[in-house]
Structure formats: C-alpha cells, structure tokens
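Structures given as structure tokens follow.
First chain A sits with chain B, and in the next complex the same chain sits with chain C.
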Partner chain A sequence: MNAIENIVFLSAALATVSGFYIQAQEYIRSMVRGQFIQSILIAATIFVLAYAESSIDLVVLGLLVLVLRGYLITELLERRIPGKGSDLREKEIGIASHLLLDLVFIMIGTFIIYSLVFSGINFSIAGNISGGTILVFPLALFFQGLFLIGSRNTTFSQITGYIEEENSLVLFAIFLIPVPLIIEASVFLDVLALVVISSIVVLEKFTHNPLEELRG
Partner chain B sequence: MVVMLNGYVETLMMTLSQYFFVVLTAPLYSGILAKLKAMIESRRGPSIFQPYRDIWKFLRKETLIPRGSGFIFRYGPYVIFGIYSLIALIVPILVPVPIFFTASADFLGGAILFSLAAFIKIASSLESGSNFMSLGAVRTASFIFLSEGTLITVFFAVSLITKTNNPYVTNNFLSANPFQSLTLEHIFATLAFFMLFFYETGKLPLESPGLAELGMIEEGMNYEYSGRLLAINKWSGHMKQYILGSILLNVFLFPWFLQSSFPYFLLDIPIMFLKWMLLIVIVAVIETTLAKMRLFRILDYLATAFTFSILFLAFGVLLG
Partner chain C sequence: MHIFPYLIIAAPIIACAFYKWEIRAAGIAAGVADVILSVMIYFQSPFHGVFYVDFTSWIFLVMVSSIYLASTIYSLNYMKDIQVRGISEKTYYALLNLFSASMFFTLLMNNYGFMWVGIEATTICSALLIIGEKSDVSLEAAWRYIILVSAGVAFAFISIILIYYQFHTLNVYDIIHTNPAGGLLERIIVAIALIGFGTKTGVFPVHTWLPDAHSEAPAPVSAMFSGVLLPVALYVLYRIYQIDPFPLLYTWFAVISIAVSSLFLAYQRNYKRMFAYSTMENMNMALLGFAMGGVGVIGALLLLITHSFAKSGAFFSSGNIMKSTGKKNIDEIGGLWKGMPWTSTSLVFSSMAASGAPPFGVFIGEFFILSALAGQNIIQFSIVIFFVMTAFIGVNYNISSMVFRGSSENSEPGWLMTGTAIACAAISLLIGIFLLGGYVNALV
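And then the complex of A and B:
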C-alpha cells in the first residue's frame, strides 16, 4: 500500500470514527458539529483522490462537499436549534451501551453486505488496484447513520443520521464511479431536500417516537 | 561450552538488568510526572523522589490487619508484586531480545497476568470487610470488563499486523518496518491502548488520586492497607504503570532505538528514560488540560477504547 492509499484509507476510516463521535454526543450542537467534521473528512478524502487521479471533477466535488455539507448544512441546522442552542441535549442516553450496540450493528451489517455483495469489486487509487476493501468504511458509516436514526428520539439526531447516510453515499460513490457528476447533482438535491425538510420538521416537533406518526 | 556459558551469562545480566531497572526506577517516573504536573499547575510540587520516600516510610511503619480479614488480604500484595515482576520479564521493557522467563507467556499470557493481578486485588479488597475497599472493588469490577476486553483485543490487533503474539518479535518487526506503524489497525490499536493506559494508571480526570470517596477506585482498594503491605501495593502500582507505559512505547508508539547486543543494551537505560520523558510530557499535558468529569463516565470512555480496538481488529480481518 503506497502513501496515497494509506492517506485515503486513513481519512475514510476517520470519517467512520466520526460517526461514533456523533453517536456518543448528548448535546445537539456537538452532534451537528460532528457532522461538520465528518463532511470535512470526506472532502479531504476527495481532495486526496483528486490529487492522485489529477481530476478537476473531484476537486469541484470536494469543494461542493466542503461548502454545502460542511458549511451550509451545519449553519442551517445550528440556527434551527431552539433556545440557547448549546444547552440543548438529549437526556438519558446510555453512551456506553449505544456505542457497543452501534459497534455490533455495524459489524454485522458491514460484514454481511460486504461479504455478499462487494468482496469481488476492485478499486484503484492512482492506478494501484487495492481491491474493494475500502468500501467497508462507507458501508460502516451508512449503518451508523441508520443506527443513529433508530436509537434517538430527537428530530435533530434523526436528521443528523440522515446526513450521515448521505455522507456515506458520497463516500461510497467516489470510490466506485469514475466521474462523479451524478453525485454533484445528488449533493445539490439532497441539500435542498434536507434544508426544506429540516426547516419544517424541526419547527413542528422536537422529538419523534417510534411509529407515533402512523397511529390512526 | 565457553560460548554457551558466555551466552548464558549475557542473558542472565540482561535479565537482571531489566528486572532491577523496572523494580527500582518505576517509582521515579511517577515522581517526575507528579512534579511536572505541579509545575504546569504553578505549584512547587513534591520532589521527584517522593514515591521512594513514601515507600520507605510505609516499610518502616506498623502493619495493621483488619479483624476478620483472611489470608488473601495478607498475602495478596506479595502475589501481585510477583505477578508484575513476572510481566516485567515477559515484555520488551528494556532489552529488545528474549531473556530468561520471556517464554513464560506471550501477549495474551501477559494480558491474563494483568487480569489475574486485578482479580487478586479485588478479592483481597473484598476480604477486608471495609466498606471503602468494597466500594473500590465494586467500581473496579464494574469497569474492568471493558478494560480487560480492550487489552486483549488490542494485543490481538498487534498480533494480526505482525503475524505473531510474541512481544519481542513485534518490537523487532515494527522497528524494522516503520511503515507498518501507519496501518489503520496499528494506529487505532495504539489509540485504544493509550486510552487504556490512562485508565489503568489512574490518569483519567474522572478518577481522584487521593482518598476522596466520590472518585476513588484504585486508592479505595488500598484503604485498609498499612505499613509494609501498603508499601508493596504502592510499589506494585508504580510497576504496573511503568510496564504498561513501556509496552505502549516499545510495542505501539515508539519501538525504535533499543540496543540488543551485549554490553550495549545498557544504553537502553538512558534511551528508555528519554522515551519515558516524552510519554510523561504527553500524559501531563492531557491530564492537566482535561476537565474533571463524573465517575460513571469511565464506562463511556472505556466503551470508546473498546470500540476502537475491536472495530479495527474486525476491519483488519475484513481488509485482509
């Protein structure tokens, strides 16, 4: 494994670790800022890939991720935090148990999906074929987002989980698709959808309990 | 025959050097750390030799045994001291080549010996009949399931990287292949072990170093000990800190520069001292900059360390 591959693996792994950081937060603002860090890490991965591949498309994508996901979404979500903002937190969360459950969930999910679907895929960085192993990180991030949505009641946590899933899709796609034009479009649409949805949903209700919207 | 005898004498000298180096200098590093912390906090602080003075003072004092306590309470400190003495000969603390007793155990054996020492300490605390010691024992037992799990999985991770569970081979492999230190498994195993080192040596800003009952864990289990038994317990604590710190330095963080040939291995004494100074500065900065948190947060902290260790162990298997 050369230096570029090492850096890409490390930044992708750190993006996965940032998912644990978000999962372990009680305070809404910390959670939103965790999402900011995750977006920065994904942008950094894209910039390293852009350097390795000498791709201007990837540079543009990196800038889009940085500005839209890193800055815009974080700013909009932080503005929506009611009250003093920094004081608002989700109470009675067992961080240790959540972390361990999250670990079990993502390990099982990632292992099954990777083994069944992605183990035969090859991925190359700067011409070096390194197998599809790097896809483990976006897969793990996806399951973390899913677990965050499932394990928390507040709307902010669930929106952050959704953004985490979107981040994992961006990370996933940059490792699979050569020219990520479709991702750029999806980034715009996702941001638009997220902003609109979060603005409405957060104002309407602060917490959402399982299945309550489906009761007659 | 003469060559064999020379080899035997050299190994014996290396063994004795490593053992006495650990036993005699372990309290010094605790003293230097305490002094540096005091300096950062703008205090004069105790002398760096204060741990030696404490041990000497306790050795001369009368030993009181609580009524109703059994033989584990009386002899447990000696057994624990013996266990740490054995671990000191198993891991590459000073000499990076196998010495006498090295073959007694591998990484996993070392981890099990640490667990055994913790078990004996808990058992002897519970035997005292003291509420404070029971409190320390219960707290330790509440947290140890995650810390020991982390210790074992961290060693598994290192074994996977180096394809061996012999700490000496690991040290040589990482010294010879510096880029292996940049693998994900190694980076996160190092991080997990660093977090574990902080917890195991009572450096977390969650734990009170003194006898304040709200935050005491390790100190709680020393509560009823006095005289020689307390001195042995304190000494064992310094040895444990030194052994864990040296594993962190020589196996995970900074495995380079150790000399293995006779008599140049003696140069390892100043080399290890310098390495420890680096570790002490890092520990002192972290310890003095983090705000104190509530006791039950230790579980969250250890869960994070466990997550790091097992996640990248599993990813290591998946990534091949």
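And then the complex of A and C:
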C-alpha cells in the first residue's frame, strides 16, 4: 500500500468514524457540526485522489463538496436551529444503547451488502488502488445515515442522516468511478434544494412522532 | 434538432415567470401547450440524442401533460378558499408547474443520471404542495414524504453509479440497445433500482410514505401523485429493468405488493387513503406487466394511461366531497347521490375504472397482464387474481356505501371542479370503449 492509498483509507475511515460522532450527539448544533467535519473529510479524500490522478474534475468535485455540503448546508441548518441554538437537544435519547444498535445495524447491513453484492466483483478502485475493500467505508456510512433517520425523531437529525447518506454516495462514486461532473453537480444542487425545503418544514414541525390519522 | 422536448419542459417553467401577474392562467396555458406538444411529438418519434422518445415514453408524456392540465384547472376553484395555507396560492401554482417540468425532464432525458436528478427534483417541487392545506398531519405527511423518498432514491443512486461503472456511459438508448448478456453486475443494478426507485413507485416494503402523502395533500396534488408521479418513477425503473430483465425478482415483489396493498385497502376508513392503496395496487400490477414483457408491457401501458385519468377523477371527486362535507372518513359519509349526483357519478365511474371493472381501460390492461402471467407462473397468477378481486370489492363496496347508503343535504362544489372530475372519469371510460371496439374489430 503506498502513501496515497494509506491517506485515502485513513480519511475514508475517519469519515465513517465521524458518523459515529454524529450518532453520539444529543445537541443539534453538535450534530450539524459533525456533518460539517464529515464533509470536510470527504472533500479532503477527493483532493488527495485528485492529486494522485491529476484530475481537474475531482478538484471541482472536492470544491463542490466543500462549498455546498461543508459551508452552505451547515450554515443553512445552523441558522434554522430554533431559540438558543446551542442549548437545543434531543431528549430521551439513550446514547450508549443507540451507538450499540447503530454498530450492530451497520455491521450486519454492510456485511450483507458487501458480501452479497460487491465481494464477487473484481473492482479497481480509483485507478491505482486495487481491491474493493475500501467500499466498506461508504457502505458503513450509508447505513449510519439510514440508522440516524430511523432512530431519531427530530427534523434536524433526520436531515443530517440524509446528508450522511448522500456523503456516502459521493465517497462510493469516487472510489468506484466518478460519474460525469455535470450529473454530480446536479445531484449536489438537488440535495441542497432538498435541505432548503426541509428547513422550511423545520420551522413548522421540529419533532416527528406517530399520528393516529396516519396509521395503517 | 428536435425542438419539442425543449418546449415541453420549458412551458411550465415559463409559466412560473408569471408569478407576480396571472400564474393561474399561465399554468393553464402551459398545460394546454404541453398536451398539444406531447401529442405532436408522436409524429417525430422515435428519436434519441439528448432526449429519448419512443412509444413508451410518449404514452407517459401524454399522461403527465393531461393530468397536469386537469389538476391546474381543478385547482382554480379548489385552492381558492383554503382556510389555512402552508404556502401561498401563487407559490402553489409555481410549484405545480415546476413539479410537472421535473416529470417531463425525467421522461425525456436520455441519461440515467439525469433521470435520477429528475426524480429527486420531483420530490423537491412536490413536497411543499402537500402542505397546500396546512395541518399538523399534513406537515407530518410532507416530512415523511421528503425523508423516506429521498432516502430511498439516494439508494437508487448506487445503481446509477454501477451502471456508469459497467458501461462507461449513462446513455439510456445505447445501454438498452447493446443488449448486455445478464452478468452479475447487471443483475445487481436492476435489483438495487427496484428498492431505490421502488420507494417512489410504491413497492412493498418501501411504500410507507405513499398513503400519508396521498391522503393529506390537496386533491389536485393527490391526483398528480397518483396519476402521474408514481408512473414516472415506474418509467425510470422500467428503463433500468430493460438493461437486464430480472423477472423472478420483479414479479415476486410486485405480487407481494399487490397482496399487501389489497389487504391494507380493505380496512381503510379514510377514502383518500383507500385510493392511495388502490394506486399502490395498480402500480404494482403495471410493474408486473413490465416485468413479464411482451403483451404484459402493452397491458401495463394501457393500465397506466387509463389509471391516470381514473384515479385523478377519483381524487377530484374526493376533493369535491371534502369541500362539501368537510369529512374524510367513509363511515361519516352517505347518500351523496341525492345532493351531489355529478360527483357521485364521477366517483362511482372512477372507482370502477381504477379497480379494473369492464369495460374500462384498466380492465383491458389487467387482462393482458394476467393472461401473460397465467402462461408463465400459475402460483403468482392465482395470488394476483385473488387479491385483485379483494381490492375490487373493497373499493367498490366502500364507494357504494358513500354514494347510496342513507341521505345527505350536501351540494355540488361548483361546475369547474365537478366538470373536471366527470371529464377524467369519462376519458377513462372512453379509452376502454375505444380499445374494446378496436379489439372486436380486429377479431371480426
């Protein structure tokens, strides 16, 4: 494994660890900032690959992640935190039990999908990194996002879960094969627009619980 | 260069430019223009390049433009006196236009990546439409729609990445005409797309947003969701399925979804939720047709185009009932026939059409699909027949009790709303009669 591969593996692993950090937060602001850190890590991974492959497209992609995910979305979400933002927290969350369940969910999900779908295919990752094991990181991040959406009941944590999912797809794409930049850029704008729409819902409804009218 | 696709996408967007002036009239003008352009594009098809239009996509274009026009017309009166709005009336029309433009974009693009972008854009444009009539429940339904559909469609992006990995292009026409010979990766792509895009199509178990959004959205938005949004998602799923047909997986998912939706449908107390489950049943029947191939595809297209008018008629009729009675539950409504004869007629006709009664087009479509299925898998055929009958009885029993049981003092909400509902129901009947006439002629 050369230095570039090491850095890429490390930053991908750190992005997955940042998912655990987000999962462990009770305070909304910390969660949003966790998403910021994750986006920065993903942008860093893209820049390293851009350097290794001398790819302008990847540089642009990294900048898009940095500006749209790292800055704009974080800023948008932080501004929408109601009241005294730094004090707002999700109550009745068992952090330890959630982390444990998260770990089990991720391990089972990633193991099943990786062994069923990806282990039988001989991938060549980003040109010079061989083998598909690095795909475990975006897959784990994807399941973390799903778990965050399913396990929390505030709009903010569910948006963060969705952004985590999208971040995992960016990682997945750059490891496997970067899709054309125009499509990637459209995806980024779509996600940004969706966060804007979600932030409108945040103003009206902060928590989401089962309603009698929506049963069945 | 083909100019029609550009015009079809641009018309609703141009209508949004009239936001400050007469956006309602501009929306109707865009709807009329889109219907005309969608019909005319047939004479240029098939073609491919930036856009890909063939007979299949043409059918979908006609569906979307027609229901877009009908919903805009219906909205004129429906949205006028909403008491508590989540969005302003002008914003409602702007979003309705953008929602239609995003569906046209999805149908026309000759690129799997842009199709994905289009599907995601439909969520963005339509999410706030659900809170056109604002309440705590509609906000919750809108949120569930946003988060569940986005999470599901995000999963579908994995299949787009894998398509690009495998073919080094995302060009729809090129990929489906290279006829890739069923490798493992193609199978994986098709399977992941089923779960991802299936979320928006209403495939069990990723359908859960569907009844919530349909039941809480304003009636014209429910009509757009049921009549065209789900079919557009199904279209994308079909285009991916064409890469490497995997009938075993798709037919079983469709059969199980039909069974589940029929069971859920049978015990619904809210008539819009009941129609939502009926939509799920119809979409999965169409998915079954596409998965069968051959005559099944013809059946699916017939079913979808008739269903779009029938279910729009059903949701428009539901909107009329909501306006007049203010009630959502089947048990609370009765004797509609006396006070609302026109709405009752459209409701009965639409329900019969949507549930597959002869001679409506859905019946003919289901007939084709089931005859294809009978020749291939008798177990699936038996299950589907049983649950289609269950759904038929469930829908029509509930609607009959609303229309004919007891008496009420309600009155029609106005000619425009009633007329639109009647027109949609009548078109679904005419399609069936026209098809049966053609079929009988062919036999003679």
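The definition used in the following text is that the second predicted complex is superposed on the first by the 189 of 216 C-alpha atoms of A that agree within 3 Å, B and C clash if a C-alpha of one lies under 4 Å from a C-alpha of the other, contacts with A are read in each partner's own complex, and residues count from 1 in each chain.
Following the convention adopted for this analysis, a contact is a pair of C-beta atoms (placed from the backbone, for glycine too) under 8 Å apart; a residue touches a chain by one contact, two chains touch by 3 or more.
Just so we're clear, the structure is a prediction, and the values are computed from it rather than from any experiment.
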Touching partner for A:20 - first (chain B), second (chain C), both, neither: first
Of chain B and chain C, the chain that contacts the larger number of chain A residues: C
Chain B versus chain C as contact partner of A:165, first or second or both or neither: second
Partner chain in contact with A:11 - chain B first, chain C second, else both or neither: neither
First, second, both or neither for A:200, with chain B first and chain C second: second
First (chain B), second (chain C), both or neither touched by A:111: first
Touched partner set for A:155, first chain B, second chain C, both or neither: second
First, second, both or neither for A:146, with chain B first and chain C second: second
Interface residues of chain A shared between complexes with chain B and chain C: none
Residue numbers on chain C that touch chain A, as the complex places them: 86, 111, 113-114, 116-117, 120-121, 123-124, 127-128, 131, 134, 136-137, 139-144, 146-147, 150-151, 154-155, 157-158, 160-162, 164-165, 168, 170, 184-185, 188, 192, 211-212, 215-216, 264, 267-268, 270, 273
Chain C-facing residues of chain A, complex: 117, 120-121, 142, 145-146, 149, 155, 158-159, 161-162, 165-166, 169, 172-173, 176-177, 179-180, 183, 186-187, 190-191, 193-194, 197-198, 200-201, 204-205, 208, 211, 213-214, 216
Partner chain A, residues of chain B touching it in the complex: 146, 182-184, 187-188, 299-300, 302-304, 306-308, 310-312, 314-315, 318-320
Chain A - residues contacting chain B, complex: 6, 9-10, 13, 16-17, 20, 24, 95-97, 99-100, 102-103, 107, 110-111, 114, 131, 133, 136, 140
